[in-house]
Structure formats: structure tokens, C-alpha cells
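Here's the structure, in C-alpha cells; my notes come after.
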């Protein structure tokens, strides 16, 4: 039996493969028997799975983050595929697996993106801005290499934060050619730093899976944490006050509306542009994902992160997603 | 005495020059004497002016749209410059004036922009989209050459609508390089057509000055008018239904929120992008204008079209506006 | 065993009868056995039903829209009646059934209502209004005879759209006697056309059951579709521009608030009145239905379509519902 | 010189006539001279007037509610007519004037409307409802004969409250013929009582001009005052509890939304209908007034009481207003 | 086996004890077997329980409000403790139980709180206020001794209403020392009466468990009921009008916002203060409860009554809850 | 002629006195003559004043913050008192004036309040909280001695910030006696620091008059500035992380709602209480001021800072304000 990818599974099929455990709950049936309710993942997607007739050993052996080998059958109930597990075991050294092959990740390597972002930073002419941004970015390297940009929704994948920053920098570069009065130094700086404090707001493992929000993250939030981070580092480095203040303002205002966490609206054009670039990149990411799961001529399911809109995939010739 | 431009006027100065009358009201002082309260304009800006001690002939001679020659003194009351008119006459043939020199206009010639937009349209590969967009755009040529994009606020200048469309096309071109799954044909089409019905929503003269909204404009609005326009023209040309429907949806949803006039939110990525490009171009235009009138280290007045925000002009080295 | 109607079913009873399948889902129990979860209907109401111990043949044999004969027992769990199916078969020719006996429908025949509405139309004095309304109404005859006015909520029954239009016309007639400055031609026209595009917004079968929204319905919505329909037909018929524009405005504004889909508020008294008549007729319908299911001195369940209000049925002498 | 009516005044005209003083303020010009700024009224409308060059006697002689004879000239500044007073004196007995000829009033006599409403009340079958409504209505007779329905906006004219109630009763009668399950007794009762406590919320004189809100009116409001009034009177008369409660609920909920003063939404169909009838009658009144002041093919000024909408007067043949 | 308290139950434990039945539903498993789904309570908390393999006698024997003796095992599924009942019987006289030992109640005896509140009332200097408040409070004694302050949320425990009033009086006393211009008579009066009509809005038994809202409670609500109660009683006692009006205003405005049921905002300082004291006492109660169930350094679950906030229990030395 | 206080001025009176210039504008009459439009103040209030017939010397001599001696007459136009200046001169050394006698100030001396607040701080048991709060408070001494708490509205008087803090501490002390589980150390700390960054948000002179918001104040706001200030100082002093974080959270959440500038809602009970104490103290201050200007039995003008409510001054025996 060939090894299967989640995205290709079809109803009725019997499959065999390795998957990572992304969620796991021990539940009880109405006639009082325990079973495991799991979410399994690989690089191509996720699938719900059930392990019935649980042994007491099974109950403790399987944990989130472990890779398992399973055999089973694919059924479709209520329009959702589900894997009924027939055989299961933990992977072992003999399987020779690389854990990163089993989580969704940015389409580009972290190391490559990290270098590209450093290149953008090196194009910042203003010494104070460049020094501050470079310091904050390189000091975050360990976490930023694998962190997602969010717990759910847009860019909630391994290295999603880097991917979000890099794409935004590319947009910023293009828009600076059109709106030529924009201070590109500030704009690049704002893009790199706008979500940097997410690494202090959430706890994620090296697979880019967020386990929870930190205490500081819940009490202050990444916007306030980001403002403080810039303020502290700027003081340590002796950065020009105006530079530090403008970057703090850009982070503070990048959600634009008070109800979305920004107590101040953008008051400089670079802050305004940062807000739109952030929003465009999130929306284009979510729409792309929704379209991947939708047939031509049909609407997607409701997308929570876009006010429950359904996205339509037209019957025109579409470009590759 | 040298001919003066409004943007250079300084307090206390005596000036002489030609200006166009943009607004005019006959008012009465509290001790019951009539005077004219005017807004005068030239290519560089606008200034409030007063003509005291009005003759009964003056009351009817001066009209909106006329060019006058005036002599007077600049005073500053309540932080706003004001021109006290000492001498005034209508311009005449001997003055050899070109009326378009006296209104604010897009920084590029209408004819040039018109051609550039046609070039963008010619890059649309889908025959139905290109035919529909080209027909609608060229049929609007007479009005679109001079129409502003709005009565007040962003791009409310001569040929402002063309300027808004062209800049948005340039942004659309750039973003298509980054979000490569976007259908550029639809996006270009949506940009060209998104505000095209403004020429039926507002009555403007050949100077790009809007006198009023049309009856249809008030009862339906340019979004609904635009949807109908596309629908009708597509039927006449025998355009593919899906193409017509998608462009109608893009026009219908381009304000994104029901409270701003869009009963449907964007459901295709090209509609989502169109909304953001429209918003960015409006905001960057308004911010640029606000910054022109603001000193470094200071905040602008409140900008009505941006929720009464004040815009800050930083003390960093700024690029030319 | 006598044939049963849903509205009379009582707990503990064993029943036998014919019902139409209105919804159907194949589900699985926690110990992994399949069963059918159904909604069955007849002319008097709906009931949830379960078919346990499913054969593989059963899984494919029963479909939405089919009439079945069932025997079973009524139980009440969590205050809702439920039918446990003991025997089941598809109806056949020998049963001699009329499918329309098994769906809820307007209390008056479609043909009768259609004629009554034509009578109202014939009372329109203005030739342009009458021609336009008559053409649009008669061209829709096939669908309008059976369409419901909505997928859920008010008038979501067979011929519900006709019933809604006719009752509104009767209200319009009465109010025109009191607010005598109203243009009755416009008001009648607006009533007939206000929801006419629902036949293009939703796909419903000849039983008045809506299967889904159309693509155009989702991308544009019945209000925009209705405006286009009037515009196109008016052009074809050479209708007076003012007449066409006013009717388009009435359709556009009949939900009154942007958040409910009307980008323009009513600006003529006939549009204002149309909005209220539409709302009154929907509310009176929903309240009547709620009261049917409520005992005197008690409150109904929460009514979703009325902001989750509970309706009270007083202990005064009530008129028949 | 003929006696003039306000509705017929034209620019440039010299006029003479009797008017009532509806508002009056003593102001000072910028060069420190006092003048009177007045609003004058007659049965056909209102006009702003100025009395320059004020004597110290003039300052105290003219009071709100007095009738004056004036001669002067009509000017139009900023699109509003204004009367420049040249001669002025108080009216005297010799003028033989009837003060009610100088205020706007309902188009029907108070006494007639009062009797018509009593007729409606006599049609209430339920003894408790009829007794309660009749008692409350007849006990209010003195004030209700002349009170307006509001300080500003709809029905803010002499006997406006009676006119509003009577028209609503006529609408209620008609709608009861269509929605036959409605309890007409409750509906008539609710209509008569819904605004009855306005006579305790506002202080108005016998001309129907409101001078101010009462202390209780400001601290409680007419809705809460009305509920108490019904409760107290029902107790005194020994009215059935359910009847009293339902009428209290109808008064409490007749504005329908919390933000408009109703803490409970309608929970019986009669309360729902009362809310719509109240709203329709207010809107039809305001629209009619707006149309009176508007030319065919034009839009009215913004109407504050209708969310600043402009009303359009079509070029179709309109019925008399 | 020792008798257990709910708050101390731990996973895996076998327990035995007496509990009161607070909720009870008969449900059916997916393979069609009945079971009882219960909420059991004692003085320390609540726990979900299941009784599988139900006899037909069990189905009718156990009722809400009954005390049962059960033996069973504690399991934790989905982070919530659950009791699997192994043995069950109704309590009997031989068990010698006091039912009030099995419901949550205010931390102080009802009789004591009642006397303390009377003491506060006796400190009111104004005779009219004191007479009115004392009459209304003592007339409510029977119900007020045990009523909760709400069906769910803050103070929804036996004698919760008394506890809420008493704590608020203590706060009122303190704040009167700081804001010395406050009329303490009014403030005390307002505190005692602000929720007094809850005894007519809800039906609760002598254990302080609310079964449902009354008809009047649903149609009018405790705020309107309270205003009427004060008005009626004040009239009977011949209380000064201003006193009665001010207390009615305080009750009417104590939720402060229309959307929370107050059609008028506070217009006297005592009403403003009453609103804040009410809100503070509710919030401090809910926070205290949330903290009891939360470990140091952790966040509580989302608290519905506080806009779904999570409450944080710090790692500083905390005071006893 | 006796020296006058503003609060005692009566219409028609001729007065003489010293006042401070709080606002000043040079305006022009409609017949083109300059005059000074001033707001004059003393310890008891403010009054509008006009200086007509301006000499060119006058135009530059009088400045905001200067004390002048004037003679003039009090007139009342449009219900507002106004001073028509007849004689005016700058005060000089010979007048022997103390500038602080001419501005409104807190009712207690700054030095006294400062010491009282230090006493409260000394009662904080937790060493880290006490050290941090004491440092931040004493480092702000110079500005905090005279700063108002706002530019307009509540406590916008000399030393208003100190007065606001001290009153809030007194409330905090009292409430801690009732809600005994509150951490008083945190609560006191939060009260002292909640508005401390206002001294960096606004520029005020030593008279407590705010001239403008600072650049940082506009770009970040006092809440974000306060969070940074605590963070920085805590790091310098080596304060416990939890202490610093909790105080930052209290400052961040003290406006409670995102729309009022708090991106996080209170998540610890001390933060919740801080929010209410702040609101109560502002409201009680504004209400007290409104009542001072209101007669018994009357309503105040609309108070902008309290959603345009009018405040009622009852006819009961009122305590001194």
C-alpha cells in the first residue's frame, strides 16, 4: 500500500501513512466507552480521525506532536472526510522520518526568507532606523525562524511570520515606486517590526504550533508589547527620539481601528500604508487558501476571519494557486 | 506689481492677480450692508476673499466660473489668510487668459492619462473583458477627460477621475506581480470601471467643478448606476455572462461595507484587492495634500475625509511632495 | 391504523402515514453505526425522524422530495417530538398521492392569487407603470406561481411570494385611502416588483422548497438584480425614464437600512410606505405562526427573524389564527 | 396694501400683515448695537425677521405669543427668506383678531376629532379595555384638545396630538380587516393611549406651542409616565389585570428599540402593529410637509427627523398635498 | 466511605454523598437507550452527573429540588469533572437532612442581613423617603429573605438579593463620606429599592432557585415594575411628590444605558452613584467567583457576564477570597 | 468701586477688577474693524469680554497669561454674561498681585495633597510596588504639583491631577474595606500612576493651563506613554516582573473600552475597580460643577462630558456643594 497524502484522500479508500498528531481528546460514547478523537496532519492538510475501542495503554501513549503510523478507511459524514483508524503505532527511529515533513509551512525556507529580509533592512538609508530594526530583528532570530503569524487564521503555519513580513516588504517596495513621497526607510522598518512582538505574545514550539498565549500577551497584547520593545531597545542603542517615536506610532496604529486594538489611528502616511499592506497580505493569504478548497463555479465555506464571507471561484481560466 | 500665486501669499502683502471665482455668496453685515463673500482659486490653491461696500451692479456681475482681476491686501484672521479686495474687474479678451490655468488639476495632462489607460486596457487578455471595458471607457471619453473623482475630498480636481484610475492601475500592476494568482484582466477591468458611473452621478462642468448631484445619482448612487451600465452594455455586446457578473460584483462590493454603500462584501480576490487599492489611493492623495499645508514637526488640521485625524509631518528628511 | 397529520401527533402514540422527505442526513453513532436523520413534512407541519439500523440499500434509496410511507412511535426528548421509524417504504403509483398535499402552502390557490394581483395591476392608471409591471409580472409567471418568499422565515412556503405580494397590495389599497397624496400607481407597482428578483436569487423546485442561492444571487442579491431587471425591461419597452427610475429607487430602498441591504433610504413617500408594508406583512406572518404553536398565557420560543423575541399569547378571548 | 400670508411672500416684495411672535432674541451687532431676531408665524408658515435700530422700549415690549402688525421688505440671503421690519406695533382690540388664526393647526377642528375618537372607543367590545381607555381619554380632554404631538417634528401643531391619534385609528381600522387575527380592542386602546402622557411630559399653551419639558417629563419620559398612568387608573377602576398589563406593554414597547426609549420590544401582534402605525403616520406627515416646500423634479432640504434624508418630488402627475 | 463535598472531588476518586438535583433531563443514546443527565449541587458547588441504564421507575422518581444519596466515580472528560452514578436513592427522613445545606447561599444569614438593612433605613433623615423605603422593604420581607438577585450570573444564590443590597449600602455609606454633597437619604433609598421588583419579575422557590420569569416580568421588566411599585405605594402613603419622582428616576436610570434597559440616563448625582455601586458590586462578586476557580498564574475561563473576559489570578501574595 | 469676583457679576452692573487673560483672539467686524475677543478668568470663574475700537498697540500688548485691570459693564446676550471693556491696562508691580489668585485651582493646596499621596504610598506593603510608585511619583513632582487632569472637562484646573489622584485614593481605601480580597497595594499603585503620563501628553504652564498636546501625546497617548514609563522605570529599578506587568495592565485597561482608548479590558479585580473609581471621581466632579451653576428645581445646560445629559438640582434640602 502506497503512502498517502491528506490532500488526495478519497471516500471509501483504504489508506496507510505517517501523520503528526495536532489535536487529541479522549472522549466517551453515549454507552460509556472511551475513544480518541484526533486531528492528524501532514504537509498537505489536516484530517479528523477516530480511534474506537481504546485500550488503557492507548489512552496515555499518543500525544500532540508525536508522529504515528496508521492504517484505516476514509468515510465522508456530513460533507467532511474522516479517518476510521484500524491500526496505529508510534513512529520509531527505524522509520527515518523528519518531523518538519509533517506540518504545514511557508512555501519558502526560513533561512532564505531571513536573509531576504536582512537585505531589505540593509536598504534602509537612515542609520538610526536601520540599526534599530536590524537589532530587533536579529535578536529575535531564534523564534522568528519558525513562528507562525497567528494561532489561527492567516499565516498560522511554520515560519508564517517570516513569510508574512517578506511578502509585505515586497508590496512596500512596489508601492514606494508609485507613492514616491513615502519614506521607504520608515515603511520597511514598520513592516519588519509590526508583528515582531508576537513571539512574546504566544508560546509556539519549533514546529510553529501555538500552544497558548503568554500571560503578558493576554494582559498587554502584541501591539503594546511591540511599542515597549522598540522604546527599550531604542534607548539602549541611543536611537534618535523622532525615529523611535514614529516606529512606535506605526506599531500602535497598524490595526487602524480602536475596536481591533489600535488606540491611535495612523497619523503619518507610512503608518497608513503599513495598515493596508498588512490587511491586503492577510486577506490574499486567506482567500488563496479558501480557493484551494473550492471548485470552479462554487462558493467556499464561510471564512471566519473575513466576517463569514463565502469566496467564489469563477469559471474563467484561473491562474495556479 | 507682479502677478501672484495663491500658495505664496503672505500676511500684510499687497497683491494683484487673476483668479477664478469658485464660490460666491451675497451676505449682509449686522448693520445691514451687503458684501460679497468669495472663494477665489488658481492652479495652486484657494483663498477666501471679501468685497465690502458692494454696488448694486457688483451684486449681479460676478458669477461662479468667471475669471476676475483683483488688487488687495492679505490679512490673517483666526489663522486663515483672507484677501480684502480693493479693486476688482472681470477679465476680458485683452487679458489673453486660458481658463484652465486657474483651476487645480491633475499633475498630468488628461490626453496623456487617457492614452495610458487605453494601454492598460489593451493588456487585458480575455476578449470579453477587454471589449466591455474598452467600450465603456471610450464611450465615456468626453466627460471622463475632465471629471473629478468626487465633489469634495480626494481627487476633487480637474481630470481627477482619470488620475485616480491611472494611479490605481499602476498599483494593480505591481500587486499582480506579488499575488500571482490574481486574474489581472478582472482587476484592470474593475479598476477602470469602479467609479465610471460618477459621470452620471454628478454634474460637473469642463473645469471639473461639480455643481450638483443628478436626480438619478441621488436616487440610485454611482454604485448601482455602474452595475446597470455594465449589465446593459454587456448585453448589447453579447459579453460572456460570467465576465459581466464578476465585473458587476466588483463594482457593487468595492466600498466593502454596507454602511459605505456596498450591499455585498467582496467575494473574489480581485474585488477584495480593488477595494484596498481604491482606499489606498484616496488616502495617499489626501495625506499628501494635508502634508503640503503642514510644517515639519507639526500636525495638520483635522481631515474630514479621514475621520478627523490630524496628519503629522515628521522632522526626518522628507521626500518631495 | 388511521392516517395521521403531523400537527396532531401525541407522545407515546403509534402512527402510520405518508410524509415528504424535506431534509436527510446519513450520520454515524458513537459506536460507529450508520443511521438516517430526517425531517419529514406534510401540509400541517414538520417532524424530526430517525431510522436506526440502516441497511446499505436504505442509505441510497431515500432522497429529499420523495414521499414515503412510515410506521413508528412518537417520543418526546428535550421537549421536541421525534418519530422513531419502525417500518418505511417509498410511495408508489398504487398509493395514488398528490405531492402538493405534503408541503405547507399559502392558504389560497396560486392561480387565484395570480389573477387577483393582475386585477390590482389593471387598476394602475399610468400607462408606463402598468405596462412595465404587467410585463415583469407575467414574464415571471412560471416561477412566481410556486416560489416561496424566502428560504427560511416569513412566507417560506409554496406560493409564499404570491401570498406576500397579494396581502401587501391589500394593505397598500387601504393605506392609499388614508394618505391620499400617495401615488397609488407607484405604490402598487413597487409592491408587485419589490421581491420579484427572488426568483433569480434562489433556486426552488415546484414544491416551493429552496435548494440553494444562485451564483448571481450571492454575488449581487435580489435587490440589485431587481433594479437591473426593471432597467432592462423598461428600456426594451420604451418606458418613461422617470417611471423606471422611481421604481428602481423603490426596489433599491425597500429594506430602508444599509445594514439590511438598501444602499439608499426611501426618498419618495411611496418608497417609505412600501418599506413599512413589507415589514408589517412579514412580522404579522411570523407572529401568527408563533401564536399557532403557543398556548394562551404562555410565551413562544425565541423567534430568530424577530431579534429573538418571544411572543405572548394573551388569555383574552382571541380571534381565530 | 393687502394683508399677506407667509407662504406667498416673494423676494423684493414690500408687505404688511399680522403675525404671531414664536421666538424672540435680543442680540448685539459686532459694532455693539442691539437688534431683535424674531421668528414670526401665521397659519401658513414661519419666517425669520430682524428689527434693527432697537429702542430701549422695544426691547421689553415684544413677547413670545403676542400678535404684532408689521410692515417691511422680503429679502433672500443664503436661500432663506427674511423680513426686514420697517414698522412694528402690537395688535390691539381694535384689530379684532382671533389668535388661533395665527398658528399652524391640524386640518380638522379639535372638537370634531375628539368626537370621532370617542366613536372609535365606543366600538371596543371588551368592557375593561373600553372603560379604561374612555376614562383616560376623557380625563385628558382639556389638554388633549390643543396639545401638539411633539415639541418639534411631526404633528408639532395645535391639536396635533388628536390629529395623530385619529389618523392612526383609521389606519388601525383598515389593517384589522386584513390581519383578522388582531384584537382590535387592544389595538384601538393602544393607539388612543400610546402618546397620552405627552400632556404630562411637556408644557404647552392653548395655542399648542410647547414652552418646555416638565421635570417629570425629563426624569421619566412619556413612555414611563404613560405606563404608570394606565396602572394607576386601572387599579382605581378595578380593571382586569391582563388588560391593564397588555396596554402597559403596548405603551412601553411602542418605540420598539431600546435606543429610542422602549426597554421592551413588542411581544404581542397588536403592540407590533401599533409601533408600525405610529411610525407610518409620523413619516407620512413629515414627507407631506417636505413635499409642500419642494418643486417638482427637485429634492427637499435635509429632514432632521428622517435621518437627514432629502425627499424627492417626482415629475409625474402628483395628487394634491 | 466519607461524605464528600463537590469542591474537593478529584479525578478517579470513588465518592459517596448527598446532593440536591438542580437540573434533570431524560436523554437517549445514539443506540437508542435512555439515560438521566443531571446537575447535582451542594453548598460548595455543582457537578454534572450521568445515570446510565435507566429503569422506567427511575425515569419518574427523581425530580428537581429533591435530595438524593449517590455513590459513583469521578471522571474528567474534556476538562470537566463528571460523576458516573453507580448507586442512587432518594433521601428519607432517617437521613435527617436540612435542605438548605445543599444549595449555595449568601455567606451571611438572611435574618441578620435583613436587620442590618433596616438599620441603614433607620438612618434616613427625610421622613418621606424613610417611610416609603421601609414600607416597600418590609412588605417584601417574605420573598426578599430567600430571593437571588438574578436567574444566572451575579448573586444568583439563596438570599443573594439581600446580600447585594447590604454590600451596596456599605459602599454607599463609604462614598458618602468622600462625595459629601450627595444626599445620603436618596442614595440609601435608591440602593434598597433598585432591584426590589425582581421579586415580581422572577418566580423563585424558597431555596432561591428561579424557575422562570413571570408574565409581567417579561412584558414589563423589573425596572418598569419597580417604578410603578414606588409610584403606587407613594400615592397610598401620601409621600411628597419630589421624593417619589426622584426615587422613580433612580430606579429607571440605574442601568444607565438604553441598551441595558434604562430609557433615561442618571440626571442626579445619587442616581449616577447608584449605577456605579450596582455595577461594582456585581463585578466584584463575579470576579471573586472566577478567582476561586482559578490557580495562581493562570487565567479563568471566559466569563459571560463580563463580555467574555478571562480573569487573571496573579502570583503575588493574594488575600483570602 | 469695589474689586469684583466673576461669580458675583450681575447684569447691568459696572465693575472694576483684575483678571487673567485665558484666551484671546483678534477678530474683525463685518464692517471691517478689528476688536479683541477675550476670555478673562479669576479664581471663581470665567467671563467673555470684548474690547472694541482697538488701537494698533492694543493688538500686540495683551497676551494669554497676563493679568489686566479692566473697568466695564456687564451685559447679558443670549443668556450669557459678557463684559464690555471700557478701560484696560496691564497689571504692574505696584499692583502687588499673586498670579495664582487668578486661576481656578483645586480646593486644597498642592503641597498638602502631595504629602497626603506620599502617605498613601508609604502604606503599600509590597516593596517592589512601593518603590516603583514612589519613584515615578516623586520624579514627576515638579509638573504634577500644578498640572490639571485634562485640557477640558473634569479636573481641568490648577493641581487638578493631584486632586483627582488624592480623592481616588480615599475611595480606594474605603472600597478595600468592603471588597477585602482586593490587593490594596496594587490598587493604590494603579490609582497614583493611572494618569501620571498626562504630564508628557500635554504641555501646561505653572498655572495649570494647557496650551497644547505634545507630539508624543498625539502619536501615542497617555495610556501607552504610561505603560512605557512603568516598564522603563521598573527595569531600571530591578522591580519584580509580575508587579511591573500588573501595573502596566492596570494603566492599559483603565478606560475599560477599546473605543475609549483601552485595547485590553480589566482582567484583575484591582484593574476593574480602578476603572470604576476613575469614572466615579470624574462624574462626581462634573456633576458638582453643573449643580453649582443650577437653581433648585431646574436642569443644568447639557454637559458635553456626560453624553449631553442635563443634571437636575432637586428641591429637597441639599447639602453644600
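Which chain is which? They are A, B, C, D, E and F, in the order written, and residues in each are numbered from 1.
The criterion applied here is as follows: a contact is a pair of C-beta atoms (placed from the backbone, for glycine too) under 8 Å apart; a residue touches a chain by one contact, two chains touch by 3 or more.
Quantities reported herein were computed from a predicted structural model and do not represent experimental measurements.
Under the contact definition, chain D and chain F share the contacting chains B, E. Distance from the chain C centre to the chain F centre is 61 Å, each centre being the mean of its Cα atoms. Taking each chain's centre as the mean of its C-alpha atoms, chain A lies 44 Å from chain C.
Listed for chain A are residues 29-31, 215, 218-219, 246, 267, 299, 310, 312, each touching two or more other chains. Two chains count as a pair here when they touch; such pairs are A-B, A-C, A-E, A-F, B-C, B-D, B-F, C-D, C-E, D-E, D-F, E-F. Residues 29-31, 33, 35, 52, 75, 77-78, 84, 297, 299, 310, 312 of chain C are the ones touching chain E in the complex. The part of chain E that touches chain F in the complex is made up of residues 126, 167, 170-171, 174-175, 177-183, 186, 242-243, 246, 265-269, 272-273, 276, 279-280, 283-284, 287-288, 291, 299, 306-307, 309-312, 314-321.
For chain A in complex with chain E, the residues that touch the partner chain are 25-32, 215, 218-219.
Those residues of chain A that touch chain F in the complex are listed here as 215-216, 218-221, 223-224, 227-228, 231-232, 235, 245-246, 248-249, 252, 258-259, 261-264, 267.
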